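Remarks on the structure that follows.
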Amino acid sequence: MFGFGVLKGMLVTIQNFFASYFSKDHLTTVQYPEERLSAKERYRNFPFLVYDQAPEDPRCVACDICAKECPPKCITIVRDSDAEGKPLKRPKSFDIDYSICMNCGICEEVCPFDAIFMDHEFELAEYGRFEDLMYHKDRLLKPNDHFKKIRPTDATRIDAKLAAKTQKPAPPVGN
Amino acid sequence: MNSFAPLVSVVQYVLMFIVLGAAIVTVSIGNLFRAAIFLAFTLLGVAGLYFFLHADFIAAMQILIYVGAIMTLVIFAVMLTGKMQDPLVAQSNRQKIPAFIILCGVSAFLIPTILKAPWRTLATPHATTAANLGRALMGEFVFPFEIVSLVLLVALIGAIATARSDE
Amino acid sequence: MTEENLSTLATQTLEVSLGPQHPSTHGVFRMNATLDGETIVKLKPVMGYLHRNHEKLAEDMTYLGSMPYTDRLDYICSMTNNFAYALAVEKLAGLEVPERAEYIRIIMAELTRLVNHTLLIGFLLNDLGAFFTPVLYAFREREKILDLFESVSGSRMMCNYFRFGGVKIDFSPGFLEGVKSIIQNYPKFLDEFEKLLSENEILMARCQNVGVLSKELAISAGISGPMLRASGVPYDIRKVDGYSIYNRFNFRVPIGEVGDVYDRYYVRILEMRESIKILAQAVKEIPEGPFISPKGAAGAKAPRTFKPPKGQVYGRIEAPKGELGFYLVSDGSPKPYRYHVRPPSFINLTILEDMCIGNKIADAIVTLGSVDIVLGEVDR
Amino acid sequence: MDQLFVNLKHSILIFAGNFLPEWAVILISILISVTAIAVFGPVTMMYLTLLERKFVGRIQNRFGPNRVGKWGLLQPLADGVKMLTKEDIVPKGADHFAHFLAPVAIVIPALLVFAVVPFGRNMVAVDLSIGILFFLALSSTTTIWIFVAAWASRNKFSLLGGLRSVAQMVSYEIPMVLSVVPVLMVVGSFSTVAIVEAQSGWNWFVLTPWGLIGFVLFFLTGVAEVNRTPFDLPEGESEIVAGFHTEYSGMKFALFYMAEFMNSFTISAIVSTVYLGGWQGPWLPGWLWLLIKSYALILVMMWFRGTLPRFRVDQLMGFAWKFLLPLALLNIFAAGVWLAFARPVNYLLSAIIVALALFILYFANRPDMPKKRVYRYAVE
Amino acid sequence: MMSINHFLIFTTLLFLIGLYGALSRRNMIGILMSIEIMLNAVNLNFIFFSRFLDVPAETAQVFAIFVIVLAAATAAVGLAIVLQIYRNQKTIYTDEIDLLKW
């Protein structure tokens, strides 16, 4: 009483004032553009598509599972077809509306072909609200090396799995 | 007085005109809230004149009591009777012109009197200090001082008792 | 100018709309307060500015699809929201949860409780007029827990971490060490926090006997969580239901006496200390093993194959803010037929007027702060 | 060093006296003093904002402004440019004239009181015989401009803030005036210069029993007079948005801000003058001593801001009327006793009176004081 | 130095302005404000006389203090009465308060 509680509180704040000059724990601000925190490996932001060799040949087979399971329905896939109109196992267009996507990572979980993953890229500011944040296939496709770089653990596991799959004769998949 | 005196009196005259102007606005403006603001300026100007008359203590009292306290009361009263300050309702009564005539009459009587009167001014103007004032209050004028204190106390209690809503 | 509004000076009241844009309404919440001077004579909460159709959206989505949406209910504690939803669905589908997953869940839930209560106390002090200092100290400590959440689930706030029958993924390496350091350091921070706040005369004067909620009213209004316990009702779903594996842990339930803002504040501080005790036990006992049951893993991989049997279920947990329940009706399809949330914030908010009437307007803000609402949960 | 500025002014005047008439020299002398104050006031205010943001920032474990210029030193300029270029919004229903007038008029007393602050030996703009009274009188005029601003804005939050402000400033003025009375009794003059002279040779009034109490009283009421935490109810942002300046933007808002900061500087300067010996001090030049003392007091104000929540209206009033006012009155008595007796005895006697006063007031206010509580846990 | 006549004319005018306000205002608060102006004019005269005429300065200043104090009392009681009238009569216009007029 008698203001001693107030004085005690003031002691705490002044301790913090001085500690901010000495201890990193008491000056937690990260000076963002100059200083950056290293992203956690599991960090998920927006999805991207993986290709192994060439961007024309993505892992995605346009099965549409991610589009169906996406909770906010931000993925739109159009399956490619050859000259005769026979559908091919690759997307003609693959659009993700980043302004709608809520970074839940469910597309990555449900993808049976390990073709879509969550990226670490977060500096995505654009001038256009709609068209600029609509990511088309060309902007979504990134090499497997990028995936390896950002998430080494998952990448090795998945690469091993895919390698095991290709060693075995591929099971006939009916179109 | 040194050669600086003319400058002082220029400032004094300016102050006098400010006071007069503010007072005229105070009594003639329709919006009572603004009238109160101009009254504040009038009172501040008068306080300034007290400073020039070397009545520092009175000047400080003027600011402290008039501007600090009475003006607050007035503005409060204006606010509490806010519905009375409808700009559409005339704020002056029918006595406007008679009042002006009376004014002219009184000034026609007073101003010549002032001009004619043989004022015996002092060679060296009086000045006093707050300490002397205090001694006067506690010595010569102690009885009126106590009476005034009592009046103020009674007025305070009376004001509180009057303004209170009956519950 | 009618006769009526000119009646007398004394009864002229002032109607003030606090919010939806107001510096301290914890989101887009609005209180239509009628003031007599500074005293509140009437207070009407207006909600719904953040309505996002959560429940109906969920009925058009697979069971898993709603999981990320539950994150956004009470966006401060997504983990417990996940927990309640997962618990309800597991009850519906009869899924078993592996031992390790239960421990993971409890660690996450208690960490969330720490986050929520720390932040709440920070914001409560902001409502009291402290210039951001407690809230920034709270943020400083919360960051450490959020870092852990990020390292394990990939996201700091919208964790989307729980899956039916377990959790999404096992701990990342170093996570348990992180929890251990929190168990070690958090009490120190709480001591500092208490030294800063608990005995501060201004805080005590502002909080004591303000926004008093009687035991009877609390019970009949369906209040839950720390608010109910601050009113002196020893009711904690962790003890009552013993859901998950809470009955294995040794912890106490702090009880308030008066049911005012100060009790609500202090009960939360004590609850945090108990949470740390639970965390310590959980970290010590956590076994090795799978983090999700095989059936659950299959369901998470292909959500459309996850079809709980027909039936209805109510799953509830002791969320940091109170009883968070999910009521689900299944018609045997991959989508719930009916999906309803019992949000603690919303129910606790309903008696705001009863707590505020007769107090000053500043107290209404503090009372609102002590109720601990998150508008995402209130408006859904 | 001590007379650096005095000599500077003096040599300018002598130089001017070579070819200018006497009245022009006096005019120049006045102009120099006025310009010095008119520059010093706003510059102090600008850098006080920076100091406050840096200091509170460090208290809150963050940097504070550090982007504009080295250590953010250009931040005040950037803020000024921003304020100047902001749109000046006047509400539709506002009284335009009063809305414009209030912020302008509020700066004038804030600047005028600099005139009686003795910055150093011979460094006072006007040595008024009623210096302290001048300061008190002018700072009391701030009330009506705040109220005019509030009323002219036609905003309920502004009005509430204005009403609070009037009630608070009128209440705190009384203990403020009474807390200076002991010094006036001992010195026998209102003049700030005389007060400083009386404290030469470490006879600082704060070192006497009544002086200590008077110092604390004067400082606390001063903090209340300039509406700073924990007495910042007129602008309590968590309750009434921004109080009386809710509807002000751009430069008008900046003027309010400027008045507040200049007032806090003058309050600190006057408190150091009256109780801390003003510019008296060893080794360093006098003006530096005064600046050191005032800045120390300002830092304490900022420290308050970084730590304390704010009072509630009724508690604020209770604090002024039930504690500060009787204490100030008893303190006058203690000072009288101090004057009446010889050296060693008077210290003892006035210390006893002061201690007794605190003791009595403590017990008299006990029923209103918050109490510590003991919490129990629900039995298992 | 200021001419004594000028100053006295100034105070006279100030007094008359106040008088005009007191006579012509309908609003009771306005009348009170005008009365304050009149009191100020009188006070100015007191102080002026004390400085330049052969009167003890203290006497005049003490008188001025009493006037200020009484003005404060007037304002407090007067405004309280105004509020009470407003509460009972719903008006503070002097020409509408005619309860005693037949």
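Note that the chains take the letters A, B, C, D and E in the order they are written out, and that residue 1 is the start of every chain.
The rule is short, and it goes like this: contacts are C-beta pairs under 8 Å (C-beta built on N, C-alpha and C of every residue); 3 or more make two chains touch, one makes a residue touch a chain.
What you see is a predicted model; the values in this text were computed from it and never measured.
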Number of hops, chain C to chain D, where each hop joins two touching chains: 1
Chain whose Cα centroid lies nearest the overall Cα centroid: D
Which of B-E and A-D has more C-beta pairs touching across its chains: B-E
Maximum centroid distance from chain D, chain identifier (CA atoms): A
Whole-Å gap separating chain A and chain C, where each centre is the average of the chain's CA atoms: 28
Inter-centroid spacing, chain C versus chain B (mean Cα positions, whole Å): 62
Chain centre separation (chain A, chain B; CA means) in Å: 75
Distance from the mean Cα position of chain E to that of chain C, given in whole angstrom: 64
Junction residues of chain D, two or more chains touched: 59-62, 306-308, 369
Touching two or more other chains - residues of chain B: 57, 61, 69, 76, 80, 165
Multi-partner residues of chain C (each touching 2 or more other chains): 6, 8-10, 133, 137, 140, 196, 199-204
Contact footprint of chain C on chain D as seen in their complex: 56, 59-62, 156-157, 159-160, 164, 229-230, 232-233, 236-241, 305-315, 369-373, 375-380
Sites on chain C touched by chain A in the complex: 61-62, 64-69, 71-72, 133, 137, 140, 143, 147, 150-155, 158, 160, 168-169, 172, 192, 195-204, 300-304
In the complex, chain C residues that touch chain D: 14-16, 22-24, 35, 38, 125-133, 136-137, 140, 196, 199-208, 229, 234, 236, 239, 252-257, 262-263, 266-267, 270, 360-363, 365
Parts of chain D lying in touch with chain A, wherever the complex brings them together: 55, 58-63, 303-304, 306-308, 362, 369
Residue numbers on chain A that touch chain D, as the complex places them: 1-2, 6, 9-10, 12-14, 16-17, 19-21, 26-29, 31
